[in-house]
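To keep things simple, chains are lettered A, B and C as they appear, and every chain counts its residues starting from 1.
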């Protein structure tokens, strides 16, 4: 198992380096950041000063070297607009997005696993029908629209929760729900189909043949096997969250990385955008790594044979 | 094989009467088991033979009431186990039978064991459930069960996972799971099909020994007539969801009554015999959604008569527990 | 001497049969989603004749008219008007064109490239495969909306820029799935036979492997259309979709946001349009998958 983990870690760092390089190439090819920035905010001399400040007057490979060096030290550069180190900005904003993501994930799991399991166990019953409807609606619903509708309903008409901003634990509810909704839908389908497959398997029939009660058959024998593909899906979930948070944070004025990203794009403060993409990519890669390791721990077949 | 003359006088353990299990599909009703009658006596080995799709596995699942719902249902019949009708009791009572009085071994040991739990855990389960033992006592039983099926160094093996065992050993572990509670009846659904021949012989020998020691009755579901000859006292031949002939093993090999049985025996290649071609039964087993009227075998039967096409032959008793469903025998 | 090879004859017939089978199979498709899809397509193709009003003309006198079931509503604006007096219904109808045109183009472009890369990746040796796979992973690791946001904002809002930046993401998805299928199909006997008789690799891919992955590709494409519509809507919500004056659903929702409490209909209906469009596409795609590829059955 250790060789497996070691290999995965190495691959993760490789992927990270790939992303960083790709971002570098893209950002330099889109155009001169200094020019882009100052085109909007300043005049010619300012551009030259800025170029010098950003080190853009040096040859490309030199810039790359500085870039990589900075990254290795955890330095994402400085904001073009106000000179604050980007790492600092992102670190301030990260917790908000992260906690929102956790809330959304928690909601998605808490909803989808019972629904999926019950849907599979009581196939074609009303609860199964409900699960299917939830799944389809979730995947078709535009998140920004859902968020707005929820705000109208719960924050304006009924005034139960705050309409926007991060003001306390109640303010997590609407944005968390909106963010987790799509993921919940995908998970319901996955849990349900995975559970159906497992319930059909020989070992579940064997368990019943041993006289094990149905509740234990489902919760002990079936569930553990059925959840294995769900864990793999969680890595996709994080990706969906990061994407989703860009939009959801806009709708709810949530002070997270998503809003920073959008603001920086609009104000053409590109180093921040660069930093955000790298951070997102890194997050994604490391979550994938974590999931792979978790997989190895849970599924004994991987543990002992490394497959 | 137990001494044939004595099995007739033993008490009846399992008495299946008129069992019907149907699949209800969109395209029609699939009659997997269509009126099956047979008995198993104490300590007897009974074979259930037939082609794929003849209903042998479904019969076994029906006995254990593990028919896949909601796709299928036991529609009619009685399953008398030690006098009690298993089709009349509640689910929680049935659970007391499963794994303790009636045990099952399935065809593919790879898929019949849960890959995420240790072997010890899985063998322990029926022990904890039915013998109500815990902790060290239960573990001792597990080790005994594994030793009984001749797994070497069971103390190390209990902590391992199914994928770490070879095919033959896996099947023995599954047998251990079934036999750990000393059941009265063991239902073995083609347990050796996925094993190679030498391993198969080991497994069969093992079951025979255990059977002799504990007096367990066994139902052997198989399409391999060799296993039947080796292990069974009596054999039931199934075709299209019904038992067409039931006889003591020696009798059936010497003097098969039903044309299908004859054909099956003829199609087994004999070493040393000089035949220009291998014998094959003409035609295909029927689609279980549209079984022919009358005797379901008549389209393939070399001796089919007019009455065979319209009426299903009743059971003709041939002495002892033997019977056959054929108009030829009726005469 | 026959100049057309028999394989060629068989191949054209196969595709013809396929087409016929597919069209007749449509009869068994789930009715409501198919009807909605039909309506959607009608909107897209014939929208300018179906829409009651011109979606672009401004008429401030009529601004904020509520839908017809309200007291102040009027029958000429069934779903009400927005802040510039433009008819919502017409804008929703015309808005479908952007969504459809964009999704279909991206599927065609990105999907096409993705399938080719997937075939190549699945069939080639380890090095080529690894290289393509790394690329795919990197693309899939990047936050789609964010990257699209940056790109479109920098390069400028236009149909082309949105198409350009979203296509790689779609291609990556296709590549991954097609590669998986290719890997399993290439182990099959008929491929081995083709190799033995000396068929060149490109021909094997085209004649043997592609038809077998076709079903999966069709199903994926259908499902991705819905996904793309959502993506495009999100982008136009954020302000980086296809530029005005073309009505786009996401943009309409964004525009209606500030008036949620007073004029809910501005944001509600375009959102419903998105919901129903994607829902129907997904239901249709699901049915398609169940018929064409029952192994992957999910519900």
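Quick note on the criterion: a contact is a pair of C-beta atoms (placed from the backbone, for glycine too) under 8 Å apart; a residue touches a chain by one contact, two chains touch by 3 or more.
In this text the structure is predicted, and so the values were computed from the model without any measurement.
Seen from the C-alpha centroid of chain C, the farthest chain centroid is that of B. Across every pairing of chains, the maximum count of C-beta contacts belongs to A-C.
For this pair, chain A with chain B, the centres built from the Cα atoms lie 52 Å apart.
If you average the Cα atoms of chain A and of chain C, the two centres end up 23 Å apart.
Residue numbers of chain C whose C-beta contacts span two or more other chains: none are found. Chain A meets chain B in the complex at residues 123-124, 200-203, 205-214, 221, 224-225, 298-301, 304-305.
On chain C, the positions that touch chain A within their shared complex are 134, 137-138, 140-147, 149-151, 153-155, 226, 230, 233-234, 237-238, 250, 253-254, 257, 260-261, 264, 267-268, 270-271, 274-276, 278-279, 282-283, 297-299.
Interface residues of chain A facing chain C in the complex, by the touch rule stated above, are 15, 18-19, 22, 30-31, 36, 132, 135-137, 139-145, 148-149, 151-152, 156, 189-190, 192-193, 239, 242-243, 246-247, 250-251, 261-262, 265-266, 270, 273, 276-277, 280-281, 284-285, 288.
Taken together, the chain B residues at the contact with chain A in this complex read 61, 64, 66, 68, 70, 91-92, 95-100, 103-104, 106, 108, 111-117, 125-126, 129-130, 161, 163-164, 174, 177-178.
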